Every structure is written in structure tokens, then in C-alpha cells.
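Letters A, B, C, D and E name the chains as they come in the text, with residue numbers starting at 1 for each one.
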């Protein structure tokens, strides 16, 4: 039956106790790593921002304040759990888990290490069984990520709605609109990656990015990466797209009414999501656990076995993006809601679509044996014409609206 | 391995039939247009399950392809249907199908 | 194992479906719908239709039901519908008879046609099933091969949806007519 | 990886798709120009729509002539059949679109202008309808149906001033979606029984199966469910419940189009699926058609009689017309004889009749669709004799009085039925026609023999009079010289397998 | 325009007798006239009436001309004109006239101008005249068609103008009556349509090609016994409603009473004859065996109709309703004669069709005149008119006696032939029917007595005498009544050959044998032949 699991060489030939044990270990490791990473991420973010703002940041609990998050979490855990009177109790309780689950699920398809060199495809041997260092490598891997990101919106939506209160509801309505809108751009830039790599499996995608020149960020021509990055930030509801919890406008946004451990879960999920998304970006565009290699020279970390070295490389690359996210938060002002929508619909979606078409045209040209330059140029011209028409249409519709005296 | 009984295609088809019936029942008895609409989605999902099961049973990929199209149709239907519902509800708050009294046969 | 998956998924599907038709709150109904959709997605996976499973989640759970919820929340129509009020006395029994009839007839047909289901007519390339992208490749080949016309038609369908939303979203000035 | 290398894309005969491409091109052009040109003149939209429709119709006529030298054929991997039948349906639908656009342009309100989207939807619905008429694959057919239906739901809801319009759109939408689900479930079961969604493939599979044997249960249930779905779409009793409400609520220009093009397309689909695909099981489904036909005729006629709103009357009468077309289908199910040609003739004539009738409704009810009750027609002969005469002609045509096209249509289906010894259905149909005649007489009576309630002058927009003129002229010309139509439609055939 | 048409017709006939399509002209001239009248300006009403009159008079003249040119020795169809019309269905524009339809056509041609001249519609004259002319075209078409399809559409199209005439210009309950009339007749036609199609289709299986041609089907096609019976039945229902035969007659009193005078005259004069004519042409001729089979039932119904009509007439309080019920009785005679299937009875039937048209038409005209003067038709309110308006009363008397069937007037010839002819093949029915003659005398004379005798009361004392126009109009009717009554031979001469042919046809196609007299000829036939030689 299910070849969702069968792709991993570990699971070929039926389920027996050792493979099952390996899988259980993997699940445990991923979960624990996730939790610990989140804890560290919170500390990291506070510390970095503090640094940028010339403050010290947490420094009391543990060395360099490392245990501060743990302390906060403990405190929240013992707080009284409040449920508002007008809340929809069932959904109110359910929502935090709905937020948390996708954050961890998406992590399952990230290749966490393994040796991708010399055509080994990231397969390592554990207890005499060949396997990958990732929880699952479904054949529809990237789509799985997309699916998870699609259902991530539920938690936020329902949390806001079930609170039975005005501001959380507004926050969640905003959130759902925002996330649905940016998912289109996210998906389209993702499609560019898929077009280049020709597979949906994350391991397969990593496998193809053996050197920097092969990294998808280069192969797809940078634009999809930037769009993906922006859209991902919006999907995460992180600054500068954190309208969901814009304190000035909505008090605390969708989670205003939450307290105690439920609130902690939202918090946990948010940071977990950031980590997952960074890992996904790295996997899709920056070769994942592949070491940095330019041409034939590979930056090899001495002493470490290749399989473990992949994990280190992944960590390093992810850290860069985590830093970037914190950096965003520290420096960029929040968008206004209409600006947010304009950016998503007027710029990101057309741009990613156009770029996708350009890439597609090139591939068609290549398969058909046409002159690449001509294909690129003519596609570009078509796209430019399209862009001009689009702008013209915006102008006309704005003029028409103003003529009709519309207020928006 | 874990069990000697394996579900056959018929099981899935019967499940789909039940799902379809439940959806149809819902359309007929519920009065909130949104919920009626959800019930239609249930029916479409039953159809999808039927198609996929048959694709496996007949070893014919066409059944799966059909489902892709059905999903597109469902998406388009939702957009249109919700558009209409929103247009109505902007005029007044909260309706059930009973409130559509202007058109009582 | 397969039985286990089937039972769990079937429970999800039916539980969700019953939830949709019995829950009086539209939001709960929508959530029940999501449960059903996931159950269906699981069944797709157990039929080697991974692509469809993913699309099922992305399109149905990720877009369709979200839109439902969005509309419910945006319009504030989440007031509870009293499911005990019956508008027309015969409606429910009649609906019950009709839907039970449909279920019964289809089940009878399925059971008597079991012999048809075993036959392999071909078209599904089972030799490549082991490779990671097999399902997606087959579906793609079929969509852009024999079903390319239908695929192109879906673009028209979506065009209609776009035009429709624009039309429905347009603000109207009262032309004096109507109530 | 190299997908293109391993798959063979079907050859697309672009030439054969010309009418569809013209319609699609017209839609896109309309939308583009509408969004890009700031001062888009009001008449330009309907004009462009009509030009597109007529161009597509002309292309279809050219195809018709080409088919003189060539039997029907199917293209794009058997997805689409190009044969006399599909081309005829295309022509009928393009005409309906052109007339519908004319009516729509008379029907807008001044405050909100004449939304471009209405015309774009008109064209897209035509695409759906044409696809339904020529689809040779159940999935293509289903997509065509959905394109058509979605456009129609929106068109029905498009009059934003009247709440009834949106409600009718919603009602149509929910019941239409319900019906689509049934249709699709039927398709699924038929697929299970035949392992194909292609109509030719189904036919072949079933013919083989006759030799092999095996249970037909799944197939039959599938056929039944498809009939339920299509029955909804053609508004045959007992699946007609939505028709009166939706017809009444929708803007009249849309109702006219809905009553004509949508029904034509649904019947085209019904005919092709059942006659071509399920030919080998004809004995199983023919009785069902029989029952549907008789029920539709009687339900349509009798329910119409008790209405007080002319729009609802016409809605019920469209149900009884559906019954008559089903009589033709039943005759066509006997394979020998002229059932197919008779049904096609009926569809063509019905389209023109119903367009004209609703055009008159528009003329009387005005832009706001307010006055559609029978009272509004009282004494019309005193206010606008020509209009009353035109309406009487069309109503008599619907009743099937000689020297009108309606008589030719009814005569055709009855003849087709009698040719295959279906006497019962013929007599039932004729008796139903008499009951129906009572309805038409009621309207005629109030127009000619009662005093008008108001003496307000009735302004008839020019475009509406054009539509009425065309319709009445068609009705009379075909009534006196049916050969013009019959000689052509006699050639209607499905593409050979 | 019209006159040139007639001139050219005349010129044409000098060369070749069949060159001018006289029968087509009989249909098309009133049809075009109707269109012309409708298009005329409302501002000059006198032109409208004049035009209509010219058109109908022209048609009447043409019918008389046709009568003059009719070859009385020829039993078959004359002046035949045949053009292909709807190729796909094998339908042609096939017209022809023989002895059976000849006088009906002439009657139609004469009656319409008289109605146009003699009856005033009071309002909306233009539309009224338009419908009348359309009606004339339809009636002509019905009598002339030799194609089943063509016959059916004329048979049907007649309903429309008649419906409007009753509904638009009738009396209080006109709409009820009009609708009843329309639906009844259409109900009957529904069956006939299926029958016609079935006839053509079944004939196609026999002949190998599709045709709706009456002559071809009747002469060449054969049907199975049961099939033919069913087909006959489907036609019979339509004709039975139209005639009307008991118990399908209930529309007739309403329609007659509520119709305007002109409508009543036409209805009684020619429209009802479409049913009896249909029995002859499409019952006996098309399905002889089935007609013979159905004979007892129809004869019974006809007899019941005669007695019932007479009794019902006796009980009427409304003069017009009385005349209407008398029609039911008279038409019963015609049907009796038709289904007795002897040469004499058939000849009598055809005769009686004409006679009934003339005399009942005249009766309705007279009743209309009474209503014009008194605004009532209730017998009880009329009294002693004879003393106030003796000429009027005399005219009424003559017409009424003709209706009763007094020797020397036309009614006698027809009824006598029918009774004589029927006695041999339908003895008991004939005996019962004969009592109907006596009853007719009873109720008509009684009515006359109540209306005309006695002292006029105040309301009736100012009853106006006939005007010149009315008088001259009535003179035509009375002239016809008297002429036919005294010299039936020219008519019989022309009717006989066709009727004989029909009887032979029936004998040939069924096991029925007509009774033989004097070497196979009935007395009437003998006289006809003598006259001919």
C-alpha cells in the first residue's frame, strides 16, 4: 500500500521492529530538537534585538540568560487558565494545538543532515538499516509543506473567532486574508524551484544542489527566492507583516484573550514556524545540508563524518535566516493593511508569475532546441507588455473608482 | 501483517456512498446556505473518493485525473457561491434558506 | 495496517460528515468538514494517490474551507441555526428516504458489481510506482496528454469565477427599484 | 524529469475549434478593453458581444458546410466531437447569445451602468454550452456544464438592485451544485462499470460487455444518477422545483438566455451521452425518459395554469417544453427514426420562441422587472396592439398552433415518436399540449379581452423590438416554410464511433 | 387587384381549364385580404369594411365560377393543384374538390360576404373583419385539402380566429365559452394529430416512402384491421368533438350562445361541417373497414344526439340556445346518414350539410336581429312580434320550416334522403331518428308560437320591421332555401358521382355491401343520371 512511507529505503519490505524503533527515535529527536530550538530561538531573538537597540537583553537566568525562556515558560504554565465567557469553549481550547501542530509537521520533511556527496543521495546507515536523516520524504514533499502552510491558518483564525471578542476576531480575519493572499505568491515561487529541479521530494531537491552554482537560488535566477522570502515572512505573520497582532490597533491580535499555557503554545508555534520556514528556505534554495562548494572545491569541515557535517551546515545556514528574520523585526516598520494587500497582489503575485513563465519558456525553448536568447528576449517582451497593460488597468480602475466617488 | 482482513475497493465505495448520502441529506434538510454548500462539498468528496478507489481497482490513472478537475470545479464553485452569498448578506444580516422568502413556490 | 488506516480514516470521514449535518453552528460544521477532508486525504494516500492527497489538503482544507470560515467570520453569520425547527413537516422524512435510498441503491450496485472491480484495464503504470514521483508523473502525463482539453477548460472555469467575484463584489448604487 | 520526451501530446485541430476560440477570444478582448479603455462607450460592450457571437456562429456555419464532405470526427484525443449535431448546437447557442446580449443591453439600469461582466459571463456561458454540445468525454462535458452553470448562477444574481435576483442566483446555485454532484456521481459509477469516461470508450466497453456478461448494476445506478443530474439541468419534472423561482427572480434578459441556451446545451449533452454512449443499454433507460417526459409535460402544463405571474407561467411552460423534447429523446432512443433530428429541431425553434417571449416580457415589465404579473398584460392590445399581436403569435407558437414554428416542432417530435410506435407518449404529449394551451389562452385573453389597468405609454427599447421582430419572423417563416429548417436539420448526425 | 385576378383567371380558363389555381386562390385571397385589412389605416373604417367585402365577395364569386366549371360527370377530384411543400415529411400543398366538398366550398364562399354585409360587430371592426377573413381562409383550406397534414393545420388554424371572434365580440360569458370551445376542439385534434402522423408513418411502411397525401394513402396503403380501427378512432374523436356528437357536444350551446351573430352563423354554417365532412373524407374514405366496424356505436350516438338535442331544445328559455340545440339534433342526422353508408343516405348527408348551413345560418341571423332590436333572447320576454313585424315573422317562418324539414324547402330533401337511405342498413336507428323530425317540428313551432303569436307587450310593441338591407340579405338565404327545396337535382347531380365512388371504395376495402336497388342505383342517382344524359 502506502508508498507515502515506502520511498524511504528504511521502510521497504514491510514494517519490523527495528525500523519502527528508528522511526520512533527520529520522531522523538525532531520533536525535542524543535522544542529546544524554539527555546533558543526566543532567547536569540531577544538577545539580538537587545543588541541592536543597545540593550543587554536577558542575562540573569543561566549563562547569558539562556534559560530565560524556560523560566518564562514555567511561569506561564502555572498561571491560571482563563476562558472568556463568550468564547466557543471547544474551539477556544482546540485552536492553540491547531497552531502548533503544523509548525512541527512541516519540520518532518526537512532533510536534517546526511551525506549528499558522491551521489549517495543523503542516505546513511543506522543500526544496519539504510535511511535518511529526515522524518519523512514523501514523494509529494514540497506539496506537503505547502499543504501544511495552508492549514496553518486555521489555528489563528479559530483562535480569534472563538474568543468571542472583537479585536481577536479582527486579527484573525486579517490573518486569514493575509495568509491566503501570500500563499499564492509563495506557491508560485515554489513552482519555479520545482520547475528547475523536476522533483517534489525535498531530498531530491537537496541532492541536485551540489555546488553553489547549482543552488536553486542561482538556478531560478534569484527573483523567486526574494519573493519566497517575503511571502514566507508574511505567512509567518512576522514583522513587518505582523498585522495579525498589531498591538496598537488590535490590542494583542488573535491571541488577546489567551493566557497561561495556551498563550505559551501560540508563542511556541510562532517561533517554531520561523525555524521551520528558515529550514525550508535553506532546503529549497541553498542546498540544505550540502556543504558549500564552489566549482570543485568543497568546504569540508574536518573530523566530522560527512553525515553529521550535513547537520552542521544546515544549522549554520538556518542561523543566517533566523538572524535575518530578527533583523527584519528590529529594523522594519509594520505595513499598513492596504499596503500589505497591494504588495501581495500587485507586485509579488504578478512578479512570481511572470518569472515562472519566463523560466518555463526557457525550458520549453531548450527542449524544442530554440535559441535561448531569442526565447528569453521574446518572453521578456511579452511579460513587459503584460506588465504595462496591468499598470494601465490599475490606473483605469482607479480613475473609474474615483469617478464613481468610491471611498476606497 | 497487522491484520488479515484487508479493506477491498468495495469498502471504500460503500463508504463513499454513505458520505454522498449524508451530504445529500444535509443539503435537503439544512437551511443555512453556507452549510448546504458544505454538504455539497461532502457530496463532491464522496465522488472523488469513488473515482480514486475505482482508479486503483481498475488500475486506470484516469480516475485520479478526473479528481483533479473536480477539485478545480469545487474551488470555482466555492468562489462563485460565496460571492453570491456575500452579496446577499451584505444587504441584510444572517439568512437561512427559509429567509429566501421572496421566491416561495 | 491497512485495515487500521481504513477504520481510522472512515471514522474521520463519517464523523466529520455527521458533524457537518448536525452541528448547528456553521463554524463547527466547517471544522467537521475539515475532518472529513483529512480523512479523504488519508484514503487517497492509501490508494497511492499522493498528489491528490496533497492537493486535497491544499485546495479543500487550505482554500475552500478557509474561505468558508472567512465568509462566516467576515459577515458575522455564525449565529446558531436551530436545527430542531422543521420548516416543512414532510421535509426531513422525505430527505431521509431519498438519501437512504441513494445510499442503499449504490451499495447494492457496488456489492453486486464486485466482479467488475477486480479487472485491470491498464492505464496505470504500476512498474514505476516505486520511484518517488511516479504518481505525480502519471497524473501529469494524463492531464497534459489525453485530458489537455479539459485542462484548458479549467482555465475558462476559473476565468468565470474571477469575473463572478468582480461582479458580485461591485458596490451598487440603488437605482430606485427594489424594495 | 524530461516530461515532454516521455509523453505524446495529442494533436489539436485548431481549425475545428474555431467557434470556441472566437468566443474565448471575444471574452478576453471584452475584458481587456473594458479594463484598459477609460471611457468605454456603453453600446460597445453589447456590440462586441454580438459580433463575437455572430462570428462564432459564422465559423460554425462554415464547419457545417465542411461537414458536407466529411463525416463527423473527434479531436483532441477524442475529447470533442465535431459533427453536424454539435455544430448545430453551436449555431443555436451563438444565436441565443446574440439575442441575449441585445436583451441584456436593454435591461440595465441607469444608475449602475451596464456592467461589462454580464456580457463576459454571457460569452463564457456560451463556451460552456458549446463544449457541452460537442463534448465526447464526460469530464469535458462536466467542465462545460460547470462553466455554463457558474456563469448562469452569476448572471441570475447579477441584478444587484433586486434582492430576488440574488436569491434566485443562490437558489439556482445550491440546487445546481446539488444536481452537479449527482451527475458526477453517476459519471463515477459509469466509469467504474466501463473504465472510461470517454463516450465512445463507454460505448465500446459496453458493447464488449454484452458478450462477456456480468452485472450491470453499477452501470445502471450510474445512468440513473446521471439522469437525475441532467434532469435538473433541463428542468424536467420531478427535478424542476428550482425552475419557477429562479426564472422569476433572475433578470428577465438572463431568464430568456437561461431558458434557451442552458436547456439546449443540457439536452445536447443528454442526447449525446445516452444515444451514443449508452446505446447498448437503451432498453434500460428509455422507460425512465418516458416517465420524465410525460411527467414534465403534465406538471409543466398544469402548474402553469394556476400561476398569476407571467414569468412563472413561462417558466412552467418551459418545463413542459422540456417534456416535449424528452419525447423526441425517447424517440431518438429507438435508434431508427428521426428522434434526433426532431429533438434538434425542437431545440432550435424553442430557442427562438422563448427568446421572443421573454423579450416581450421585458418590453412590458420595463427595466426594473417589476410588472411581470398577469395584470400587467391586461388590455395590452389596447396599449400596444403590435406587441400584443407579436406575443399572441409567440404564445400560439408555444401552444403548437399551425403555421407557427411551434407546431412544426411539436409535429416533428410527435412524428418521431409515432414512427417508433410510441403511441402512448404521443397521445400523452398531445393531451398535455391541450392543457398547456389553456395557459397560453389565459394570457391571450387578458391581452385582448380585458381592459388595461393603466394607460401609461409603454416605451419599448429598440433592441427589444429587434429581438421580438426576429423571433416573430422566425416563428412565422418556419411555420409556413418548415423545409428551410427541416431540410438542414435532417442531416444532423452524431460522429461515428 | 382582386378584379384583375379574376379577369386573368377568366382569361386563363379559356385556354386551359386547369391553368389557373382556382383552389389556391380560394384560400390565399381571403388570407391576403386578412393581412391587407389589418394593415389598413384605422382612420377610414369604411374602406376597411369595403375591402373586406370585396375580398370575400371575390372569393364567393370564384367559388361560384368554380361551381360553374365543375364537371358533374367526374367523380374524382377536380381543379387539383399539387406542389411540394415540406419535402422531408412528404407533405405537399395538395388541393382538390369533388362532389362532396364542392357545395361546402360554395356555401363558404357565399356565407362569408353575407355575414360581412349583414352583421355589425359594433366595435373594433377592423380586427373583426381581419379574423373573419382569416377564418374564411381556414375553412376553405379545410374543405379543399387533400393532404392530411394540410387538412390538420387548416382544421386547427380555424380555432384561432373563431376563438378571438367569440372572445372578442361575444356576449357576457364569452371568454368562458371561447376557451371551452378552443380547448374542446384542440383536445380532439390532439388525438387526430397523433392519428394523422401514425397514418402517414404506417403507410410509409407499406408504400416505402413518406407521404401525407390523402388520395395516395387511401387508395394504395393498407392497414391492419386493428391498426385501422385505432387510427379511425383517433380521427373520430376530433370530428366527434367538432360535429359535435353526443356526449362531446357541451361546448356547442355555450359557443353558439355567446358568439356574436356573425360568429354563430359561421360556426353553424360551415365550421360544424368540418366535422361531418371530416367523417366522410377522413373516416369513410381513409379507413372504410374501420368505419364499417364503428358504425353501430356512432349510429347510436348520433341517434341519441338527435333525440337529446331535440329534447334539450324544447327546454331552452334562450332562443339562441334553442337553435344551438337544434343544431345538435340536425347534425345527428347528418352523421346518421354518413354512417348508414348507402348512396342515398350519403347524398342526403352532403345535402343536409349545405341545408343546415343555410337554414341554421339564417336562423342565427334572425335571432341576431331580434337581439339587436330587443337586447334579449329570452323567449319569455318576446311576444307577439308577428303583429308588429309581419315580414320579419314571415321570413322567420320560412327559415324555420326549412329547418323543420317541410317538403318544398331544402331541409326536406336532405332529411328525406337520409332517412330513406338509412332505413335499409340502419333500420332501428332510423326509426328512432325519425321521431326526431317530429320533435323538431314540435319545439320550433312552439318557439315560434311563443315569440311571434299573441299580443305584443309594451317592450315588444316597438319591434322594428325588417330594413331593406336585412331583407335583401334574408332574401338570399330564403332564395337558397326555396331553390334547393324545389330543384335539388343540379346539386344532386354533382354530389352523386362522388358519393357513389365513395360507397364503392368502402365496398372494395371492407366486407360491407351496400344494398342494391334497381340495378345498383338509388332513385336519386337515377334522376341524376337522367338529368346528366
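Heads up, the rule we're going with is that a residue touches a chain if its C-beta (ideal position, glycine included) is under 8 Å from a C-beta of that chain, and two chains touch if they have at least 3 such contacts.
Being a predicted model, the structure only gives us computed values, none of them experimental.
**Student:** Please identify each chain that touches chain A as well as chain B.
**Tutor:** Touching chain A as well as chain B, we find C, D.
**Student:** So which chain is farthest from chain C, going by the mean of the CA atoms in each chain?
**Tutor:** Relative to chain C, the chain whose C-alpha centre sits farthest away is E.
**Student:** Closest chain to the protein's overall Cα mean, using per-chain Cα means, please.
**Tutor:** Here the chain at the core of the arrangement is D.
**Student:** By mean C-alpha coordinates, which chain is most distant from chain D?
**Tutor:** Between chain D and the rest, the longest centre separation is with A.
**Student:** Can you identify which chains form the pair with the largest number of contacting C-beta pairs?
**Tutor:** B-C
**Student:** Could you give the separation in Å between the centres of chain B and chain E, each centre being the mean of its C-alpha atoms?
**Tutor:** Their C-alpha centroids are separated by 66 Å.
**Student:** Hey, how far is the Cα centre of chain A from the one of chain E, in Å?
**Tutor:** About 93 Å, centre to centre.
**Student:** At what distance in angstrom does the C-alpha mean of chain E lie from that of chain D?
**Tutor:** So the centre of chain D lies 44 Å away from the centre of chain E.
**Student:** From the C-alpha centre of chain B to that of chain D, how far is it in Å?
**Tutor:** 26
**Student:** Please output the residue numbers of chain B that touch at least 2 other chains, ranges allowed.
**Tutor:** 1, 13, 20, 23-24, 37, 54, 57-58, 60, 62, 65, 69, 73, 76, 80, 83-85, 87
**Student:** If a residue has to touch 2 or more other chains to count, which residues of chain C qualify?
**Tutor:** 1-2, 48, 51, 55, 63, 67, 74, 102, 106, 110, 117, 119, 121, 123, 135, 146-147, 150, 154, 157, 160-161, 164, 167-168, in rising order.
**Student:** If you look at chain A, which of its residues touch at least two other chains?
**Tutor:** 15, 199
**Student:** Within their complex, state which residues of chain A touch chain C.
**Tutor:** Contact set of chain A toward chain C: 1-4, 6-7, 15, 88, 90-91, 137-140, 143-144, 146-147, 149-151, 153-154, 157-158, 160-161, 169, 172-173, 176-177, 180, 183, 199-201, 204, 406.
**Student:** Quick one: which bits of chain D touch chain C in the complex? Just the residue numbers, please.
**Tutor:** So the residues of chain D in touch with chain C come to 3, 6-10, 12, 24, 27, 31, 76-80, 109-112, 115, 117-118, 120-121, 124, 127-128, 131, 137, 139-140, 143-144, 146-147, 150-151, 153-154, 157-158, 160-163, 185, 189, 192-193, 195, 214-222, 224-225, 367-370.
**Student:** Please name which positions on chain C make contact with chain B in the complex.
**Tutor:** Touch list, chain C to chain B: 1-4, 6, 10, 13-14, 17-18, 20-21, 26, 29-30, 33, 36-37, 40, 43-44, 47-49, 51-52, 55-56, 59-60, 63-64, 67-68, 71-72, 74-77, 79, 81, 83, 87, 91-92, 94-96, 98-100, 102-103, 106-107, 110-111, 114, 117-126, 135, 138-139, 142-143, 146-147, 150-151, 154, 157-158, 160-162, 164-165, 167-169.
**Student:** Flag every residue of chain D that touches chain A in the complex, lowest number first.
**Tutor:** Those in contact with chain A are residues 1-2, 4-5, 32, 35-38.
**Student:** Where on chain A does chain D make contact in their complex?
**Tutor:** So the residues of chain A touching chain D come out as 198-199, 367, 389, 392-393, 396-397, 399-400.
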